[in-house]
Amino acid sequence: MFSLRMALNSIFREIWLNVISMLSIGAVLFILFSVVIAVYNVEKLTATLPEKLSVMVFLREDTRRDEARALESAIKSENIVKSVNFISKEKALQDMKGFFKNEKFALSGLGENPLFDTIDVRLKGAGSSAKGVNAFIEKLKGMSAVDDVEYGGALVESVYSLKNGLRVFGLTTGSIFALSVIFICYSTVRVLFYRHEEEIEIYKLLGATKGFIRSPFFIEGSIIGIMGGAIGMCFFLAISRYVFGKLFTEFPLFSMIYVPDRSFYILPVMGFVLGLGGAVIALGRLKY
Amino acid sequence: MFSLRMALNSIFREIWLNVISMLSIGAVLFILFSVVIAVYNVEKLTATLPEKLSVMVFLREDTRRDEARALESAIKSENIVKSVNFISKEKALQDMKGFFKNEKFALSGLGENPLFDTIDVRLKGAGSSAKGVNAFIEKLKGMSAVDDVEYGGALVESVYSLKNGLRVFGLTTGSIFALSVIFICYSTVRVLFYRHEEEIEIYKLLGATKGFIRSPFFIEGSIIGIMGGAIGMCFFLAISRYVFGKLFTEFPLFSMIYVPDRSFYILPVMGFVLGLGGAVIALGRLKY
Amino acid sequence: MIVLEGVSKRYENQDALKDVSLRIEKGEMAFVTGPSGAGKTTLFKLLYLAEAPDEGLISIAGFNTASLDDSTIPMLRRNIGVVFQDFKLLNNNTVFDNIALALRIRRVMEREIKEKVTAVLKLVGLRHKADAYPLTLSGGEQQRITIARAIVGEPTVMLADEPTGNLDIENEEGIMKIFKLINNKGTTILIASHNRRLFDNTGRRVFYLDGGQLVKAEVR
Amino acid sequence: MIVLEGVSKRYENQDALKDVSLRIEKGEMAFVTGPSGAGKTTLFKLLYLAEAPDEGLISIAGFNTASLDDSTIPMLRRNIGVVFQDFKLLNNNTVFDNIALALRIRRVMEREIKEKVTAVLKLVGLRHKADAYPLTLSGGEQQRITIARAIVGEPTVMLADEPTGNLDIENEEGIMKIFKLINNKGTTILIASHNRRLFDNTGRRVFYLDGGQLVKAEVR
């Protein structure tokens, strides 16, 4: 109780200094949270990218339907494969006619069906790498019933590159930002606590135990951190409601930005941890 | 000279406190610079997007070649148009045959050329909006020689939406971050200067003029700011050399990230301005 | 109660104390005097463990100060009431809280604290200043608050460093009366002062320091 | 040189000065005394413009303090040397720089500063402490540094608030000799102190304050 009173007293005696510090912790947590949300969204976006990759397997003209079915299930059992879809050449022609009709082509002049049976293979997104995909394609090409394999080629490379690059990029940037933010919070509490040095000296000389000396400061640090986090949260909510809100209606595309449900509740918690941690480090090992 | 000595004395007497503050200003300027670079790159990327938009104008079967040419130059004179490219139906067929050959189609069975003359219209990126494009397309559709116009439709909308959305998003985020960073720098200097209040009081009581009192603090604020900016710059250089360096070789896609030449020299300058500004506001109006 | 044996303390370029030996008995009230910079405050700092001696042995309230760990130091300090020459008041706390701190540290109940603090404030004549902040007090008022804080915890040893430097004769006499009262109740008291009025004709022992050396000890 | 007419100053719940009128002539050395909390320091604060009176007129060194703007206040203060009761030394600056500050503020050349500071340090017997920091000095040493800073600028008026509270008799006499010397050179000096030794049998005027009121003025 006394510690809490001391902490509140200390905060209120120099309220503006403390409010400024809370605001700055709030601002920095807000930045961190925005960056994390951005990284998270990029991650989420890229995670879906490779699933859209498909490989077209063209079968030899002389492949029998049962052979084709066998091949289909063989491919399906591969680890890397998400789904397979057999397209007979009759169906392909049908599709094509429909397609070209719209596109102002007339294919009525075609004699014999010039198309091939194909298997449309869709690959799994998670856990697959460019290397794995290439190996899989080589394997397909080696199969007897397979005439040719068509796939993104350079595209596969660059999509995986983008995906992993963005992951590495996002995680590095995110971590560096997070470290910076942690440091700034620590620094804020540290500088704020500097003016307490004389006070701590007096406490010691009067015979206060370490616990007695520390507790008001830990409480003060925690309060500053929690308030900072809460300010950051309000800031984020205000921004996301008014700015993004407007953005969403004007540019519907942005409604695809996804903020994990109520995740911003984590800001006061982070503020608390950082404020308390900052206080602990700032006070350091008390020595008599 | 004396002011400078006082400022350096003040910094060195409590060197750790000042280094911590410099580091935290450095960190925050680094974050700001990274965000600005990111926004800048997104801007740059989106600025090129709409130029890739093309509109296909299909001409009536009975259009004469000279009519087509006249139409072509009429379209070309439109403000919104970047370039036009007339494709005769013979050339279109030629292209198509080449295309389908690779794709295992045989079009040899085709009798008469079923294709149309078309004009491929590329639009300017800058200064054009979804509205302008739609109006232009309506205008094209109204022309007598035009059979049909094919264009991105929803795509046009969403590319412009993306472009403008990203711009609004980037600028808002960037400004909010910039404001936060300015505030954090101010707050750091403010809290750091707090311990000088007694000193300033003594200066006043001894009869120092305002200029005399202020100058050491302005110098101190500037030094802290410049050092902070320099730290941020070193931080950015180190990161961009080692982290991005590795990223570039592993994921060549990322070498498209563009940092305007030597723009990071601006960090110490920003630090200087913020540090000095922080000192000016922190000291406030001195009163006797 | 207080024993020094061959104690020396040196700062960078200065001997603050040189080979000082003295012994103050339990329940005694003694004085230390000497010119400015003689080492009086340094002697006190050694006794309340703010500094460690470079040589010699110090024992206070039954503890050998050389062999104390971090848990017994605060305990020992709570047995010593110190009137600091530079007051060392918490400027952000009221007079009441400044004095109460000495009791809160001892985990005294709040109700008892209220009683005791009010009593010592009355004793030093500053009851009406309970809610004031130290910086709004006059020099002499601050000094009396410091004295009140030192005595409120009823320590077994009291060290008073120049306790009347900012006080007029009436207040000085009042404070000395309080010290005698406490001393009569059994508290060992050591007072450092230039003010001869405090110890002349008291029959108390006075130690003379000069340049860090104990040059004389006499009963006045 | 110093004129007060019907001056009152009140703090929240306290009259620190009540209807005080007094006049100190140019070149005079006078004393203010009175019990702790009488208002001596408050009187000084009004004179060096740290506080404004609620009522009455104050004139010092030819200036009416009520009609000063921000550019003349520092000029006036540079004409007044103050020995603060609580010293007000810059703890982050050396003794030399603390004293030199009073001259740097006056835009004195560094070479001259060096000479003058060394001279006053010798005067107060602390030349060997030029490079020390205030917090490493004894109470009496800090007080003498404060005195040195007040006199180094050769002010026309000197206000000394309890300048010998932490000093032994020898140092006290030394400081009083310095004050007399300066006074003989023409500086008007006002000293606040409880210490009767300073003014008894000097033939100087002594003003008695009590509870903020001027109760007596006599020549001792």
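By letter and in written order, the chains are A, B, C and D; residue numbering begins at 1 in each of them.
Definition applied: a residue touches a chain if its C-beta (ideal position, glycine included) is under 8 Å from a C-beta of that chain, and two chains touch if they have at least 3 such contacts.
Not measured: the values here are computed from a predicted model.
Asks: What chain lies farthest away from chain A once each centre is taken as the mean of the Cα atoms?
Replies: Farthest chain from chain A, going by C-alpha centroids: D.
Asks: Taking each chain's centre as its mean C-alpha position, how far apart are chain A and chain C in Å?
Replies: That pair's centroid distance is 63 Å.
Asks: How many Å are there between the centre of chain B and the centre of chain C, using C-alpha atoms for each centre?
Replies: So the centre of chain B lies 68 Å away from the centre of chain C.
Asks: Which residues does chain B have that touch at least 2 chains other than itself?
Replies: Where chain B meets two or more other chains at a single residue, that happens at 14.
Asks: Multi-chain contacts only, two chains or more: what residues does chain D have there?
Replies: none
Asks: Once you draw an edge for every pair of touching chains, what topology comes out, line, ring, star, complete or other?
Replies: Graph shape, chains as nodes and touching pairs as edges: a ring.
Asks: Touching pairs of chains, which are they?
Replies: Pairwise, the chains that meet the contact rule are A-B, A-C, B-D, C-D.
Asks: Per the contact definition, I'd like the list of chain D residues that touch chain C in the complex.
Replies: Residue list for chain D touching chain C: 11, 33-38, 40-41, 85-86, 136-141, 143-144, 161-162, 165-171, 194, 196.
Asks: If we count contacts the way the header does, which residues on chain A are in touch with chain C in the complex?
Replies: Within the complex, chain A contacts chain C at residues 2, 9-10, 13-14, 199, 201-210, 212, 287-288.
Asks: Could you list, by residue number, the parts of chain C that touch chain A in their complex?
Replies: 48-50, 70-71, 73-80, 82, 84, 88-90, 92-93, 97, 101-102, 104-106, 149
Asks: How about chain A: which of its residues touch chain B in the complex?
Replies: 14, 17, 20-21, 23-24, 27-28, 30-31, 34-35, 58, 104-107, 109-112, 114-116, 148, 158, 161-162, 164-165, 168-169, 172-173, 176-177, 180-181, 183-184, 186-188, 190-192, 194-195, 239, 243, 247, 250-254
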